[in-house]
Structure formats: C-alpha cells, structure tokens
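My structure is below; once you've seen it, I'll send some questions.
The chains carry the letters A, B and C, assigned in the order they are written, with residues numbered from 1 in each.
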C-alpha cells in the first residue's frame, strides 16, 4: 500500500520561522548591496583544464588561479580518516568481537519493537528526563 | 691598580659562602663546618684591616655596584646595591669581623666540645649572621641597609631558637622576631617615605638624602616632597619613623623586652648579637645617617631621652637578676642606651667610641660567661657559683677586665667612652639644651647601678666560697675558649686608649685619635667635623665650657661607689641575698617593671578585640559580599542552564536566531539596509 | 551575464531551505540531506564569485567542499548507525542525555 506524501502542518514548524527570518535578513542585505559587473572567464581557455592544473600546483592553466596541492592532500587524508571513522562507528561489538552490520532491513528491530515493550522502555530510560 | 676597595665585596661574600658551605656540606665537614666559618671570617678580618688601612690613608669609597630596579625615564628612583666605605664603616667592619672570628673560635669550645647536635645549622646561621651584618655595615643606601637589617633579624631568630626542641628558645626567638619586627614596620614606612621625599636613599655623595635635606632646610633649590608639612617637621617625622627600627633592634625602651629572653640562645650567639651584630645595627644606623638626624633637634632630643632613660631603666633591672646572662643582657640594653644618649646629645664620636669599646668588652663578657657556663655544666644561676677565681684564672682575669670596662673604671675601655658620652650630654645640656641634662642625670645615676650590678656579678661568680659541688669542681675549658678571651681581655683593657680626651685636656698631649679618625675624610658630608657644624646650625647645640676630667671624675666616683657597695655586700665568703631590703622595688625590678605583662595586656585587651572586630568585618562584610556574589551566580546558573536542553534541534534554532540577530545588528550599524 | 546578486539570493534560499529542514525535522537522515543542501549553497557562492572575479580558485575550492561533504556524510552515517543502535530509532530528539 502506498501512501501519498502529505504536508504535516503544526507547531513543529515554528522553529523554521528562524530560517525564514535569516533568509529575509540575508536577502535584504544581498539585494541592497551593489556589486560591479562580473568579469567572467576568458573564452579561449579551458576552465576544467585550469582546475586540473591548479590542483597540482602546475602553472599551465589559461585561467588565473592558485595552487591547491597541499589542500588536495589534506582533503584526501581527511576523507580517508572520515571513512575509517565511519567504519569504526558503524562496527558493532558484542562480547568483545566485531559483528557484521545489521543488514536485515530492520526486521529484527521491528520484531523487537512490536513484540515486547522492553526495548521501548529502554529507549525511554536512556533519553528520559532526570 | 687593584686596591682594597676592589676586594671589599668579598668581606660580605666570604661569610655568606661559609653559610652556603655549612648549609650544603656541613654534615660532611669536620667540626660541623666550623673551620669554613673561621676561615671566612678570618678572611673578612684581613680584608677589613686592609680596607681600614686604605681608609686611614685618606681614601673613601662610595660606589653603586648593582642596580636591581632601574626605573623608567631619567628622573626616576633607582634601587641599587652599593658599597660605602668611610672611616665609620671601616671601623665597624673591623669590629664585626673580629668579634665574629672570635665567636666562631669560641663556638668550637662551646658547641663542638660540648657535643651539641645540629652544628651545620649553627655554623650556617653564624655565617649568614656575620654576612648580613657586614652587608649592613657597608650598605650605601637606606633600602639596602633595611634589607640587611631584616636579614640580621632573621638570623637572630634562627640562632636564638637554635635549641628548638626545648620550650624556651622557640618562644624567645619568636618574641625577638616579632618585637623587632614591630619596630621595623616603622623603619619600612620610613624608608618608603625617604624615597618619596628625596627620590633617593643614598647615604653619601652627590644627591644623598641627608645632603638634600640640609639644602632644603637652608632653602637652596633641592626639590623635596614634604606632603604639606614644613620641612623641619617632616624631616623629624622621617627620622622618628626610622628610629622605630632602631629602637626595636637596639633594644631601647619600650621595645627592649625581647633582648633578655634572647638569652635562651647559645652563649656565643648572644655575644655576637650583643657585641657586634643585631643590637649594634640600630645604633650604627643612626650614626650612619647622622647627617640627617643632626638636622632635627626634636629627633635628637627624643633619641637622647630614650637613650638616657633606657640606660637607667635597664641598669636597675640588672641589679636583682640571678642568672649571669640576664645581668649581661640588661647591661647591654643599658650600654646601648648610653650610645643613643651620646648620639642624641650630639656626641657622634663619643657614641661611635662607645660602640667600639662596648663591642669588645661585651663580647668578652659574654664569652667569659660562656666559659663559666661550660664550667658549671650549663647552670647559669650565679647563686650556684662562687669561688671560681682560683679554678679558672684565665677566665677570671679576662672577665674582670671586661667588668672593669663595663663598670667604667679607669683606665679600662668603658671608662673613656662612657665618660665621653656623658661629657657630651653635659656640655651640650649646659650649653643651651637643658633637655639633655635630664638624659645626663639619668645616665649618671645609671653609672652607679652599672658599677653595682657588674661587681655583684663578678663577686657572686668568682669570689667567696663555692656554693655548690659543681662550682667546687668545674669543668675545664680548652684553648679555643681561652684564646678569644685573652684577645678580647687585652682589647677591653686597652682599646680605650685610642681616645683619652680627659687625659688630653689634663696634660695637653694629643691623644684623641678616634676624633681625628672620624673628623676628616674624603666624603666630607660624613665627617664628625661636618656633623658638628650641622648640630650647631640646625639643632642649635652649643658647648658649655666644662673640663672633661671633672665630668670624668664624677662618673668614675659613682662607678667606684657602685662597685664598692657591691664589694661590701657580696665580696664575702658566704654572700646572702640582700634584695629583700629593697622591698616593693625588688618585685618591681625582678619583674622588669612589668613590661612584659603590660605588653601582653596590650596584646590581649587592645589588639585582640581589634583583631576580633577586623575578623568580624572580614567574615561579615568581605566574605558576605563574596558569598553573595557566588550565590547569585549559582542561582542564575541554575535557571539559565535550562536552555541547554540536549536536543540538537534546539541548539540549531538558537544558532540560527543568534546569527540572524548578529546580522541584523551588523546590518543596522553598517547601513546594509538603508 | 547574470548579476552576482541573483546567485547569492539563490544560495541564500538553498541554505535557508536546508536550515529549515534541520530546524523542523527530527529524522537524522533528513538532517544529513539538509546539511548537504547547506553545503551546496556555499558551493553556489564559491562558483558565483569564481565567475565574478574570473578566477578559478572558487571553483577548485567547491570541489574540495564536495569531498568534505562526502567525508561528512561518511561520519554522519556512522553516527546515525550508533544512534540507531542505542535508541532503536533515528530521531535526534531522543538523544538528549548531554544537557545540564
């Protein structure tokens, strides 16, 4: 059975007003600011090639830019570290040994949720007030 | 050309080095580090003698060696260390290093041979004590003098409380420390005030503060800040503030109470404290800045009266004491009273002379008493002694030499100097300053008491029949006790010959060498000659024409009368206590005029309630404000922390609102929306 | 050429839509998506100003931003998994133990 998405209106949208307010403020500021005419890129050179050169600090691009080799390396390492970190977080440990990720489509959890009330109360305990 | 003055800092540094050596390695050295101290003080003595010779050739030294606070700008106050070596300092250097050397040697007999423990601590204390006093003597400015003054006080605390396991010494040490510190508060305020007034605290040379003060009084230029007072009044106030420290250190009335208690310390330390270091520091300070005091007749009058009163006051208390060291303690207070009287009466040379002779004969008496105490197995009660004359002749004759000097019997040292002090008071008193006559009268009466208690002590200790078993068979003493005694005994008998004014007046032979020594010098502002002019111009002291031998004869007669009375009463085989005849006066004297009681009364009835009040203020108002602030913070915190809900959406909303608000503020201020 | 204001306005709109999502939703996965929107709003700005100045630095940097976004999502997913494991849900309002 499919259900049609439905816009749920209610008081939970109230914090969104802050985002709207921010939009209004920035939009007014942006629209009242004056910018000169954009310079644009030279029509003869390839922008993509220039980006490629800039990435490796090669000064051969047609469009002016800066070298980004260090940033490139740093980002590479950061991405690697993030992947490692996410694996570390996602890994489950039970009785000292790593267990494979839960990949049953949430069935096991669903059963727990529907069968017993124990896990519900667990959740309440963990997040409950003090 | 390297002269004595280049080595002068070593005079101070050598004993300091011995302090460090004894402190660090005394345990491993033979005799607990005594030899290091002896070598260091001997070195200081040699260098002092060299400096003395150089100074007598007409040189002087007044240099700043080290500036430890430079100040910013040109006209700022600079805090410095420096050396000032003039005739007075050279003389004092000799006294201090000689007495310190002899005390070190004597300590071998008094401490090492008696098997005391903690000797490295003892010798370290002696070394530091000597170093601080030497540093004080050569100080070229008031602040440096103050710092070493405090060091001297600290060392006396450490050494008086040397036997800290008994109950008496620690409390005596604390008392000495606190009472002198009470005086030093005034001194400290005085030092700051001198800096504030003159911008400098140098004793001598161009722009020294006594010179500026003199110029200010003469009305010539010189910028001084007198805080709204007339210069005369303000200089008197300054002088009296500094005098507070002097009265505490030199044990003058009413801050003398620490000194008799300080007898709890080892006897060589008492000798050092009384003869050359701690107590002498006060009088030396007045002599050092005499050019300043000479400008203020009021300060001089107060010095003279305090001195004269103390001389008499302490002498009467010494009459009834039972312990040999107690008698000596009161005699010290009394003798320093004479020096103050001399300084106050315009007798700069006389007071310096008495400082010189007293250093030797009082060191001698204390070391002699130390020898007796060794012999008596550390029993100090004179009523348990008697008849020691035959059993310890060296000690007896040297002690007798010191006693004759103390009592002021011709021709021993004390006679010449004490007589000159009294003579100065008399001539200036008759010459138009009648206040000094009161000081003279008190000093004169004190001469009688001095003669009496001195010979009472001698007769009870050495004459008559032995009154106890111990006195019958005393413990022997060795060369290291006898050696210093002999040296000092000879000095006590002869040192007075350097300045025999009465003999000069009588015979016309030139004999006043000390006068010549102090009267001239390269630093003309520090000479007795200059002080004489100042006294005449500003304090209006003029001399009446009285023959010095007449005054000398009067005081000699009184001293002999006192000694004679002692001879009648106590120089018998079986002396008895005659103190009961004094009636109520005996109780008064025996209890030191209830000085301790009244100071305790002040402490408990005046200071304690005040402190309670201050405590109430502290607990109530100060702490109340602090506690109020903290409870307001706690309350506010307990409310405001509610915005930390732990829900991430709320934080995001707050961030957004904050950013929006910030942008609005910037926008309005920066004109983005216009 | 299109004036740079309009790009900025677009970027603001995208950013605020992402922000709106974060403020009104409770689902952590939707949070991640909203954050992607916000990051891309920044990218729009970078590219717009790159064209404005005729300089490729902005464009190059937007590539890095994308890489960072990938890293952020990787970590974010990991966190969501932990969240799910602890609360049996991906509702961010359940995890509120870290408060006063």
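Assume a contact is a pair of C-beta atoms (placed from the backbone, for glycine too) under 8 Å apart; a residue touches a chain by one contact, two chains touch by 3 or more.
These numbers come from a predicted model, not from an experiment.
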item: Remaining connected clusters, assuming chain B were absent and nothing shifted; value: one piece
item: Top-ranked pair of chains - ranking by C-beta pairs in contact; value: A-C
item: Distance from chain C to chain A - Cα centre to Cα centre, in angstrom; value: 5
item: Distance from chain B to chain A - Cα centre to Cα centre, in angstrom; value: 82
item: For chain C, residues that touch 2 or more chains besides their own; value: 19, 23, 95-97
item: Residues of chain A whose C-beta touches two or more other chains; value: 15, 18-19, 22, 26, 33
item: Multi-chain contact sites of chain B, meaning residues that touch two or more partners; value: 649, 652-653, 656
item: Touching residues (chain side chain A, partner chain B) in the complex; value: 15, 18-19, 21-22, 25-26, 28-29, 32-33
item: Complex contacts: residues of chain B adjacent to chain A; value: 649, 652-653, 656-657, 659-660, 663-664, 667, 672-674
item: Chain A partner contacts - residues on chain C that touch it in the complex; value: 1-5, 8-9, 12-13, 15-17, 19-20, 23-24, 51-57, 59-61, 63-64, 67-68, 70-72, 74-75, 77-79, 81-82, 85-89, 94-97
item: Touching residues (chain side chain B, partner chain C) in the complex; value: 641-642, 644-649, 652-653, 656
item: Partner chain C, residues of chain A touching it in the complex; value: 12-13, 15-16, 18-20, 22-23, 26-27, 30-31, 33, 35, 37-42, 47, 50-51, 54-55, 61, 63-66, 68, 71-72, 75-76, 78-79, 81-83, 85-90, 92, 101, 109, 112-113, 119, 122-123, 126-127
